[in-house]
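Below are two complexes that have chain A in common, paired first with chain B and then with chain C.
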Partner chain A sequence: MRKMKGSQKQNKNKETIHYSLSANIEEMKQSFSYGLNKDFAMRTLKAKYNEKKACLFYYSSIVNGDTITTHIIKPLLEQTGEKLSNIVTIENVEEVTDFETAIQNINSGKVILFIEQDSTAYSMDAADFQHRTVTKSENERFIKGPQDAFTESLNTNISLIRKQLHNHQLVNESIQVGKRSKNEVNIIYVKDLVNNDILSNIKKRLDDIDVDSIRNIELLEQYLEERPYSLIPTILYTEKPDKATAFLEDGYVILLMNTSSACLIMPVTFWSFFHSPEDRYLRFLYGNFSRAIRLLCFYLTSMISATFVAIANFHSEMIPPDLLLAITASRERIPFPLIFEILIMEIAFELIREAGIRIPNPLGPTIGIVGALILGQAAVEANIISPIIVIIAALSGLSSFAIADLSMNFAVRILRFIFILAAASYGMLALTGAFLIIFMYAASIKSFGVPFFSPMSPEFVSTKDTIFRKILKKEIYRPGYLDLKDNRKRSE
Partner chain B sequence: MKKTFLLLCFLFIMAGCQDRIELEQQSYVIAIGIDSTDDKGTYEFTYQMANPEVGSAAGQGGSEEPATETVTVQGSDILSATFTANSFVSKKLTLDHTKVIVVSEETARSDDFIRVIQSASRTPQVRRQVQMIVSKEKASDFINNNKPLLETRPHKYYQTMLTRAIETGIVPEATLHRFFQITEGDADLFLGIYATTEKSDQKSASEGAEDKYIAGEIPQIGGSPTQFMGSAVFKEGKMIDIITGEETRLAHALDPTLRMEGYLATVPDPMMPDYRVSYEYSQAEMPKIDIHYHKDKPTTINVEIEFQIEVIAIPSLVEYTQNVAYRKKLEKEVVTRLEQNTKALIEKSQKEYRSDPFYWSLYVRKYFKDIPSYEKADWHKKIYPNAEINVTYTLDKLEFGKMINDSKLDEVRD
Partner chain C sequence: MQNKGFLRVREIAAMILLLVGVKLSDSTPALLTQKAQNGFWLIPVISFICIFPSFLLMLYLLKKYKDKNLVHLLEAILGKGAGKAVSFIIFLFAFLSMTLDSRNYIEQIKLLYFPESPTNIIFLIFMVVVFLGAKKGFEVIGYSSWIGLPLIKASAFTIIFLVLGDLVLQRIFPIFGSGLPIILKEGVVKASMFAELFYILIAYLATRETAKFNKGSIIAALIAFFEILIFYFIYITVFDYNSVAKIAFPFHDITQFISFGEFFTNIETLFMVFWLFAAFLKFIIFLYITTWIFGVIFEIKDFEPLLLPFGFLVGTIGLLPFNSVINELHFRETLLTIMSPFFIVLPVLLWVIALLKGGLRKK
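Moving on to the complex of A and B:
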């Protein structure tokens, strides 16, 4: 039933362009609700080269007026010549024979020209969508490394990538998604590297999306992923062109859209979330030092609160006596069980974090003051929280910021609560059990066919860039788990 | 499906939390005292608990309270008595952090001592690293009289006190684990820490020469009344004798399983016997123990000890640094004294104790192919008391500190 409806709709839209100009004008006016739709513009004129009436259609809000005047209207009125393509001075002219394409073209910022007694329309690109300029990256910060970030313009973004990767094999393919609003998704890859299976898998998933519209890459991510309910992300999202380019060079596939200031990278492994491009920009030792710190942060943020709950509630013999007595002394006047204390603090921290993101800029500094007061001094003085809990919560909160990737960050923060509850129910036993189950689950995850912990487990030929990286000169192979066309970065 | 899942969740959470106990609901016992009573099978247990609020910045208003609470109750074993104690102690007594078990000498010398200490090995609460102290007086008196002046928090006191005393070798490392290991091994003697808070006949320093004391004999002015010195000798789980600090140090030197950092000692000056030369003794290498077991004739045990000496004081101002002959004499004096003392200790152990406090049975075990044959050979009765033992001390290095010459007396006083 649904299929029939779809095919009917298609038949209607596939209508070919009429021979008569007035019929075409009528059709277009109807399609775009001319008169009601304020920014839909129509311009009729008499072309000099063939002495025929012609008509231009476009959205005045998404095209560049100057371009139309100087490169289309002026030549049409003044120039003489044989063919249209020799007259207009615009970059590209495409012939269109059906209304569906014509309408689509207008929607994506092109100008359509109909000519009297001609059943072909001409589509000319004069698109000028408004967007931000390239600015400094706000969410992924480096000290050493390029500072630019993607912006909400496809051309700019591709330009940022091509600037870094001068390679004719770098292909920018586009696929349309969405039924009502047809948005373009651009698939970028290096043609002589990429694994065709992965590429066709991605294309297939894009084709399979059956939805009215996908406005941006953030929504697209959720349509593409295999397990929407999973805790662990399987697509990497980044706003840094240099990060994207690094992945392209390794044979990964990147998706861009005109409406997002970021790209999607796939397939991913755990390491893609763990690494930061800066690790490679920094010298060998410095980069690995920062990796070690980050690994510690991973542990601290997910485990420290839970470990504390487990040890304090079930295994107090593990705490050195000095610390034990100090904790006990500070807990003497606390009315809540330890698990409540921890949960209060962790939730308070999440509150401040969420509020901090949503708060309007001028109020920003207040949240810091209020937050610090609530979390620290006041809560301790009121005997609601013991000081050690403040340390623990602050440590786990602070460490969470070292996980730069937003998806992974959320995953780890949710994990933290799971671990705390596990630790509160059975102590270390449950904590170990919960960790094991989560770890096993993570190991079972596949992103576009690539196991989550490869190339560590299962083992693959690769740069061996997992927890720590080697010096750049020793990196010989590209990731083996991608099964690329060219597996070597350099010959010995 | 959803319901089952929820039920399962609740089941886990509810079944789990029962073991949970908050830190402030427990009282941490630092020292346990064991005394015998007139009734056989009933003992007096003394528990010294730390007050967490003393010495902690977080505890507000706790500074008025004493640092410890000490209670004594009667019971048949360490653990069940804690529940009796709960009739007047407000929190659950936890033995996880116990540092020492104090046993009165009277109890330790009784045949039943092994019965009461057994319960400490059975419960997982008492750690095997707990040190065993034998007190001259009743254990409850020892714990009550022990009033450290600076380390008011009891765990800190026992921790620092024992660590340092063991480092200097005047008391042995006497963990419960070692006690059970040696007792079960049915060979060797276990050395327990000997301590007291009571003063006995005091020896003067010339008589004792720094370490020839047992606890209580050391002349002391000021400080805490508790003295740790010497060891209680246990044979087959029962205390039989006390040895002095000097003998304990020798046992340390001869026993590769005990660690000692080195100690300061003196010998009479070989040139001017009125004065004494002070030196720092240290042993960089483990003693080499070589046992030759013979089934029908006495076993020979050869022990070689390499040691270093740094001379730190020569009050006689004799020029040992410059004069080779003098130096040889000093070296000889030190070695002879060590060998003499060692010989005396070994003789005492062979004749009196009929076993060794050096854990040497470890080195004879390789001659037996299974435990029954080893037990039949009988270390206590046959092997050790009849063994021929040679201990040689070798002076590996003699240093004279940072100054070569002392002041020349005749030049100073002209």
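Moving on to the complex of A and C:
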């Protein structure tokens, strides 16, 4: 039933534009509920160049009024000439012959001009969607490196990319997704690098999306990915134009939408989540030092609590006697078993974290005080938590902030709980087993056909930029697992 | 099979190293010392000398008969029926050694780290992990082996480094232990300690070019041999033969023996983690290739669903022996003794038949 309705509606809109202006006006008024719809504007006038009546339609909320006045209305009223395109001074004029396109154009911020005794309408771009200005990146911070971040405007975002990549092969292709609200998704890639299979795979997935509307890139990500239930993300999300450009240069494909202050990068490997662009902006040794720290953080945040549970519960002989005595003494008055203590603290930390994100700005500092005081000192003094657990939970919580990518961050934080439970059940045996299963699961994942741990294994020709990077001058190849058209970054 | 040809020399080598090399940590030394006494560390040399030419011969035959794996090769040389029969014997050997070995590893885990846990539970956890790992397919096993290998080997080298100060070199004398004839005999009889090399031949076509498989397997076989030799040498020089004969798991005794400075005196759990990785991976590979052999013999294209029943069988049969001593000294020794002549002679036999049939000339 619903489908039938939809098709009927579509048939109606496929109607071609009438010869008579009044019929067109009537049609448009009906389509857009003129009068009821407050920001839908109509302006009739008499064009000077052909002495005919004309009518303009647009949404006043999403177009630039000045542009319309100076570049469309004024010339139409005053200028003389042969053709419309010689009269209006707007950037581009497109001819439209059916109502569906006309309606779509108005929705995306264009002005539609109907002229008496003319079965073509003219669509002129005067879109001016409101958006933030380019601001400093809030969620992915660098010390050394460009600071600007994407904003909720497609043109601004593309301009941020083109500013860094002056290459005529950089293509910005657009595809419409959504049935009711037709939103544009822009596919950006370097044409003489990109692998056509990956590109057509992405396009096919975009075409296959059958849904009324996709508002932004965050929702699009979930429609595109292969394994929605998987723990491990297969698409990279970033708000940094320089990060996006670096991936473009390596032959990756990027998706942008007008409504999101971020882009999607695909395909990805584990290393795309592990690396930060700053590793490359820093000098060789400094960058690799920060990589080493980050690797340690990966371990600490996912495993330190679990390791502690396993060792303290099952392998306490491993702890040196003095330390063991210290730990036991501090736990002497705690009524709970160790696993319970750890879980309390880990969940408490997640609480602070979640609350910290949602809390209104003026209350911000309070959460720190409440969190630190209640969960740290008071819990210890009340003999609910032993001090060593506070240290462990703080360590694992703090380290999690070193994983900058939000998706990976969540994955690791969920993994932490799986590992804690495994360690609590059978010590190192279960912990090692759980880790191995999850590791092998990650190794089996493919993002758009690219194995997750390539180029480490399976091996490919590449920059060999995995855990540590080489010096920039020694990076000769682009990632081989993408099977690019040009595999070399430099000739020796 | 999820084979896209992504496997290279390194992944093949890593898998074989794990499959064969982990042997240095199980109770084989105790088995060998019973008769050879302090010459036992030389037994792998004899065994390797006996079995490596046969292995090379198999690789040569596989190279001559293009595009065939172990079972298909046997069928091509011996005829369909006989080929399948011999392959089934190989499958039985693989299955039994996996079962007995797995019991051996479970006993190690149980005795050393979870003395109060029931064996079945540990077996269950172990086999669940092995099954879930094997389920991911041969390529993923290869990637994981390669990525895990450096850590596993680094921990092994740390052990060697830490134990260096405790070696008493004089303990290797008399160099042939209870006598050269005994060592020679034991070396031949226990040659099947390298039998895993033959099972992995089922994956001969896993790499895109078979030359990569040849290279990887030969390199890995040599490295694994030297590793085993070095560790056996360490056992004999640290413990002397009387202790090795009584210590079931010398590897773990070494890890308990060593300490890292004055403060960290009990660091065996650290090494246990990496040893566990190696053990898990070994049995993941073992389970996968055994099921693979079975699948090819009975022409089951999609054999991966069989991993679960086979994993279960390994667990249940592995629990049957009353205790680890019977398992080790009786069943496993018998099995090794039966397998040795089989794997030494079979390739030669195959080669002769192929030669007579003219299968080697036409290619």
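One rule holds in what follows: the second predicted complex is superposed on the first by the 482 of 492 C-alpha atoms of A that agree within 3 Å, B and C clash if a C-alpha of one lies under 4 Å from a C-alpha of the other, contacts with A are read in each partner's own complex, and residues count from 1 in each chain.
One rule holds in what follows: a residue touches a chain if its C-beta (ideal position, glycine included) is under 8 Å from a C-beta of that chain, and two chains touch if they have at least 3 such contacts.
This is a predicted model, so every value here is computed, not measured.
Enquirer: Should the superposition on chain A be reported as showing a clash between chain B and chain C, or a fit?
Expert: They clash.
Enquirer: In the overlaid three-chain picture, which partner chain does A:Tyr441 touch, first (chain B) or second (chain C), both, or neither?
Expert: Second partner only, chain C.
Enquirer: Which partner does A:Pro337 contact after superposing on A: first (chain B), second (chain C), both, neither?
Expert: In the superposition, A:Pro337 contacts chain B only.
Enquirer: Just to be sure I read the superposition right, which of the two partners does A:Ser386 touch: chain B = first, chain C = second, or both, or neither?
Expert: After superposing on A, A:Ser386 lies in contact with chain B but is clear of chain C.
Enquirer: Once the structures are superposed on A, label A:Tyr426 by its partner contacts, choosing first (chain B), second (chain C), both or neither.
Expert: both
Enquirer: Could you say whether A:Leu324 touches chain B, chain C, both of them, or neither, answering first, second, both or neither?
Expert: first
Enquirer: Would you sort A:Phe314 into first (chain B), second (chain C), both or neither based on which partner it touches?
Expert: A:Phe314: touches chain B and chain C.
Enquirer: Check the residue A:Phe453 against both partner chains and state whether it touches chain B (first), chain C (second), both, or neither.
Expert: Touch partner of A:Phe453: chain C, not chain B.
Enquirer: For chain B, sort through 329-337, 365-373, 383-391 or 401-409 and name the stretch that clashes with chain C after the overlay.
Expert: Clashing stretch of chain B against chain C: 365-373.
Enquirer: List the residues of chain A that touch chain B in one complex and chain C in the other.
Expert: The overlap between the chain B and chain C interfaces on chain A comprises residues 314, 317, 426-427, 430.
Enquirer: Can you list the chain A residues touching chain C in their complex?
Expert: That would be residues 311, 314-315, 317-320, 426-430, 432-434, 436-437, 439-441, 443-444, 451, 453, 456-459 of chain A.
Enquirer: Could you list, by residue number, the parts of chain B that touch chain A in their complex?
Expert: Chain B reaches chain A through residues 12-13, 16-17, 19-24, 26, 28, 30, 50, 52-53, 55-60, 62, 94, 96-97, 99, 125, 127, 153, 155-156, 159.
Enquirer: Show me the residue ranges of chain A that touch chain B in the complex, using the header's touch definition.
Expert: Against chain B, chain A makes touches at 312-314, 316-317, 321-322, 324-334, 337-338, 386-387, 421, 424-427, 430.
Enquirer: Show me the residue ranges of chain C that touch chain A in the complex, using the header's touch definition.
Expert: It comes out as residues 6-8, 10-11, 109, 113-114, 117, 122, 125-126, 128-129, 132-133, 136-137, 139-144, 146-148, 263-270, 272-273, 276-277, 280-281, 284.
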